[in-house]
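Just dropping this structure here.
We just call them A, B, C and D in the order they show up, numbering each chain from 1.
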């Protein structure tokens, strides 16, 4: 059995090598697409397996002779990092194999360069997960941001994409500053920036809280927690779909990883009230994200907002875990934690699947606007059916994987009334209500997403020429979809892996989530249990039986004819709901969330047209004023530079006098 | 021996160029001289690493780890810049923006400038340091006005007057230093201005005089470092001169000035035994960082933009030296190195970019990456590096500086971070559209520098680290 | 292991499938009486389904496989739901497979498939219906969850059989929280089953229709399955209501004897009859809401449920 | 200070005169006159150097006196006068701050610098006790002169008088700097002046005037 950390490191190195190999023949789509990306996918699979093996083993450290003179690179592979490495490897494998078929030449950056950026992105994410000292962490963290920035700006000719990239890198940088400060506090006077030193450091409660909040800010900015989310709906649509898939599916999770690492590992014993902050922001983000997703008309923006929702759910779970841990209900804390990790992995698969699905649609139709899509299930059945799995999963429907994690989280929430704190016991269950609301809304969003893109009549004539995905892309989609199904049907085994994390954090000594291969029992049997396999079996059985009976007793004749539609003859594509139309009830109900400019036609318009632009209030109320402030300061400062040499001499003169006065 | 060679080569180059500087092979010769200088510097460095610090010419010159690394850096950047200036100046020449005479002037002054800086760095005599600094100024003044445009003349004039006045203050500071020193060392011998001797007896120097002297020295050399509010000459001079000159001004001259300030600070701190000088440096540095970062926001001219960014980084370095202590000094030295490498690389890229686009106005420069990928990537990576994004070395030094600041002066950290954030938004917001986007219409040095910076970010060679450490201790005065 | 639980399970499912249309018919009867009209035969639903099965299915040209597949999924999940709900006995082998939350998820699956199928052909009415259905759904679903949470707080379990068992066996106590949630549940039931005031089951062509609008393109066996599934849904909801609020009479954990089991049959029938009358009454006295008002209606339900939760946490009752 | 030996009294007198000249330059608006004042300053400097050389008998002081004479009394004034004639700038226009205000400022500056020099003068072992104070004062006054002038030429003169002040300080406080430094400094000043000459002509041919308001275009747009 090779050294765990080293084996992971080698695989990451392999990724980097593959990336640089792309520069050998940068122009050749064949080399990049047919050789390098599949190789990258293989490495991903290998990484996932290695991580699975390593998770069971004790934490293992490695020091490289690189880095700062008195702070060489420390690496460490423990349960937490292994879970996320598994996530990275498994999800990226699917995305890479998809990307192998997806990337064509002639689109912005040359394939070879793209290959380099893509694999450096992967490798840096892996290193973030392995890093065991602040410097390496920050280094890889920012490298991750940088490489993804270049990937986002692949189509840099479009100004809005440049804007997106700028916004993304800026907020990433600000967040990184927060993280850096957090580390600065965490070292707690030892001025050793290895994580070991931070684990050992004894912080006063106040400073610990500061460190936690700083970390929450920094990682929240990366994860796209409202109100730091503004970059996300810009950057995700801008990037090529496989990249969006990685960013949304994997990169956001590294932020979650960081938060968990800091909170439970470096800070050690979290205080209960810390949890309320991520809880509150998480719940808000969940609702906010899904509501805005429902209002979107660009399919990738829609998915981006849905990512914000899921990030919200994740942070809610983290907050819940912290609260439970803080008040000493460790079993429940570990339950919440497992739910969070499970959802993280689920989301990696579901969201990557959906994003690459939109990628195929984009390639087939050159169209991102939902208003110009529709009926693709006939033209591209593979994409349609595989994407359906992702859509159902992310809508949290049993027996797919999305349901499992939300179910576990709700189970944890249900026990929250026992928290021995005034009000909390009463307020936390309301959180469950909000999560339920978010889940239901997600269902709404996904019906809109899927129905408008794949069902109904094509809204543009050009869609009739849409072609289905190539075989490599199908493999990618299939892999991810399979992940959704397997994770949904056999949660127990995976939970075994996840439970290593709370054990590593010392929340629990032994596994607490019971059950066997076909069912999960979170707390105790009579309270709740869930057996997806059985579930699917029964439904499937009934369906099969029904089909059988119907066909036996009656017949299965069917004939085609024009749709009836209440006898209306001249039915055309424009009569079905547009994306706007489908989102209308949400806009109606959640009015206060939006800042809308509407152009309504008057009854007398010859050519009536209707336009609505949906903005976020956060922009107008927080971000723009900030920029304005900086501008004003800059203008004030610029006044110093008046061009008159006498003035400049005066400056020196006064400076001289002042300083002389100082030493006088 | 190496020392004499080191100083002789550029002087000879200057003399030669003064006569034959406009010959067609002049640029190559210029490069050759710079390369020879680099070799000599390397030899010198080898020797210092081998035998430790030594002094020469009855102690008028003195080499220790601190200045020898700056010497090497200077020689290196001087060499790469000469490489860059070869094609650059040729194009300028072909566009008829400069005449043979000016080319001659350019080459001779270039060599003279390098020589002056080397003397300033290696000299042990504070008076001589002053003389060399002044010489460096004078040799560049005429280069700033090389194009004879009104703007360039104005810039040159401001440069001349402000730095002249500043340097005069420095001279007065030096006099006061001497005045204090001769009490201890006696005026007759030449030793009273020798830094080594001063350093030896700094404890017994008269505090009142030294504090006074330090004020004058700081204001004087600080003007050349470009500390706000003494910086006003800097953006103009950078923007109007030929780009190679901007590169060496930003990359080298500022360093040398900072070096002088630090030398003085060591003495004064030793004599006062109070943190006052350090505090002054920190105040200047912080002020410069903040103000410069806001200046960045309103720039139109690409070279002005990066000139202000130089001010910002000089502020950071000054701040770090002000904090003192081995780590901070180490970080400051590292920052000096990476800054001069990165910034000169950026100016190389900017030079090519401006020549390609035919303008220095940023709004008119678009889509470099399609116009010329190497320039585009060079500018983009350089900008990202200077903004302190990993894995580039600037991040390493800023990481050290910030963490030290967090420990020793927590109040300063938020200010620094604010400034860095503002600067990031400003510079990156300008650079991105220039590099990317739709255009409306062999560069080794850039990537050589960036490569080095990249390496320093991930891995600092032990020898270099040791070197820095020695220097840091030296400055820390232990 | 005894055969009784399996018997119960089988009996429940079969009963559900068999009785569901009848229940629908019964409600129509009651409503006719209340509005003193002459009622159609109570067996009409069966005849309708039978007839539909005989017919030849007519599909729109654009209909995709999903359109043909959906009815089976919906029907299947409704049957599966029926298997989770303890309508006669609380000791069900299948209850270990899925708790109340899973039940809600199952209903959601059915809803999503109906809506997707409705959007498949791409008619104006179809998408309109789908949109409205989802709108109703996303408000009703959390409300239903809240209702279940309250009950599960009382019985500290989310498995429906456990809940009703606990409620049925423990000494009778007044639960103000349950009162709130009961009201909320009724509202959800009305909304989810396309009853007045949210939708009108008695109409086929109305601009404000929801459920019917989604089925417009269906015919023959598919329509039959859809209708049957709808009936099953109503039946299931009714049974959920019984399990939560009037659990008495079901064969409980301790006393799950064949006698108890068979005793529970007439009791269930009685409950259903009463429920039918109640529904008919509501539908008679209340007028249909405008669709825009539906969210407020459901928000009320959600609020009541949450209120119930708070009351429960406050009074621990 | 009556107990001072006679030559030192002379030195003090020279110092006072030096200060007076600085004031005069602050007030003077005719460029030619400024230059002659500058020359006079140089002469004083030279005299003081000779005096000290005689008193201490350090040979290098004689040398530097010679240097001063050659450079600051003869050459530079000649150069400047020539430039003035060639460029035809005789008058400086109205100073930025009116003269009386400037003088008051100057007074404050002098007080300040004397106060500054107190502790140093207290420990000065050299014959000249308050020379430093005067030197500081002269430097700052010259600074003030530069700030208040509009014409490039007068600014340069101010600059040179600043240098004179420095040298006077060096001389009286420390009996002059080491030779090598003196040489270097002198060389620099010389070169600076030559550069200036070039400059003037360049500026002239650009703006056909030496008025500084032509040189105020490089600034941050508001």
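By our rule, a contact is a pair of C-beta atoms (placed from the backbone, for glycine too) under 8 Å apart; a residue touches a chain by one contact, two chains touch by 3 or more.
Owing to the predicted nature of the structure, the values given are computational and were not obtained by experimental measurement.
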item: Chains in simultaneous contact with chain B and chain D; value: A
item: Central chain of the complex, centres being mean CA coordinates; value: A
item: Chain at maximum distance from chain D, centres defined as averaged CA atoms; value: C
item: A-D compared against A-B, more contacting pairs; value: A-B
item: Distance between the centres, which are taken as Cα means, of chain D and chain C, whole angstrom; value: 102
item: Centroid distance [mean C-alpha coordinates] between chain D and chain A, Å; value: 70
item: Inter-centroid spacing, chain B versus chain A (mean Cα positions, whole Å); value: 44
item: Centre distance in Å when chain A and chain C are each reduced to the mean of their C-alpha atoms; value: 36
item: Contacts with two or more other chains, residues of chain D listed in rising order; value: 116, 143, 146, 155, 215-218, 220-221
item: Junction residues of chain B, two or more chains touched; value: 157-158, 161, 165, 169, 212, 235, 295, 298
item: Touch relationships between chains, expressed as pairs; value: A-B, A-C, A-D, B-D
item: Chain D - residues contacting chain A, complex; value: 96, 112, 115-116, 140, 143-144, 146-150, 155, 212-213, 215-222
item: Residues of chain B defined as touching chain D within the complex; value: 60, 125, 127-128, 130-131, 134-135, 138, 141-142, 145, 148, 150-151, 153-158, 160-161, 164-165, 168-169, 171-172, 174-176, 178-179, 182-183, 187, 190, 192-193, 206, 208-209, 212, 235-236, 239-240, 295, 298, 300
item: Chain A-touching residues of chain C, taken from the complex the two chains share; value: 53-54, 56-64, 66, 68, 72-73, 75-77, 79-80, 83, 94, 96-99, 101-102, 105-106, 108-109, 111-112, 115-116, 119-128, 130-132, 134-135, 137-139, 141-142, 145-146, 149, 152-153, 156-159, 162, 205, 216-217, 220-221, 225, 292, 295, 302, 306, 309-310, 313-314
item: Of all residues in chain A, those that touch chain C in their complex; value: 374-375, 377-378, 388, 392, 395-398, 403, 407, 410-411, 414, 417, 425-426, 429-430, 432-433, 436-437, 439-441, 443-444, 446-448, 450-452, 455-457, 519, 525-531, 534-535, 538-540, 542-543, 546-547, 550, 553-566, 568, 571, 573, 575-577, 581-582, 584-586, 588-589
item: List of chain D residues in touch with chain B within their complex; value: 116, 119-120, 123, 125, 132, 135-136, 139, 143, 146, 152, 155, 159, 162-163, 166, 169-170, 173-175, 177-178, 180-181, 184-185, 187-188, 191-192, 195-196, 198-199, 202-203, 206-207, 214-218, 220-221
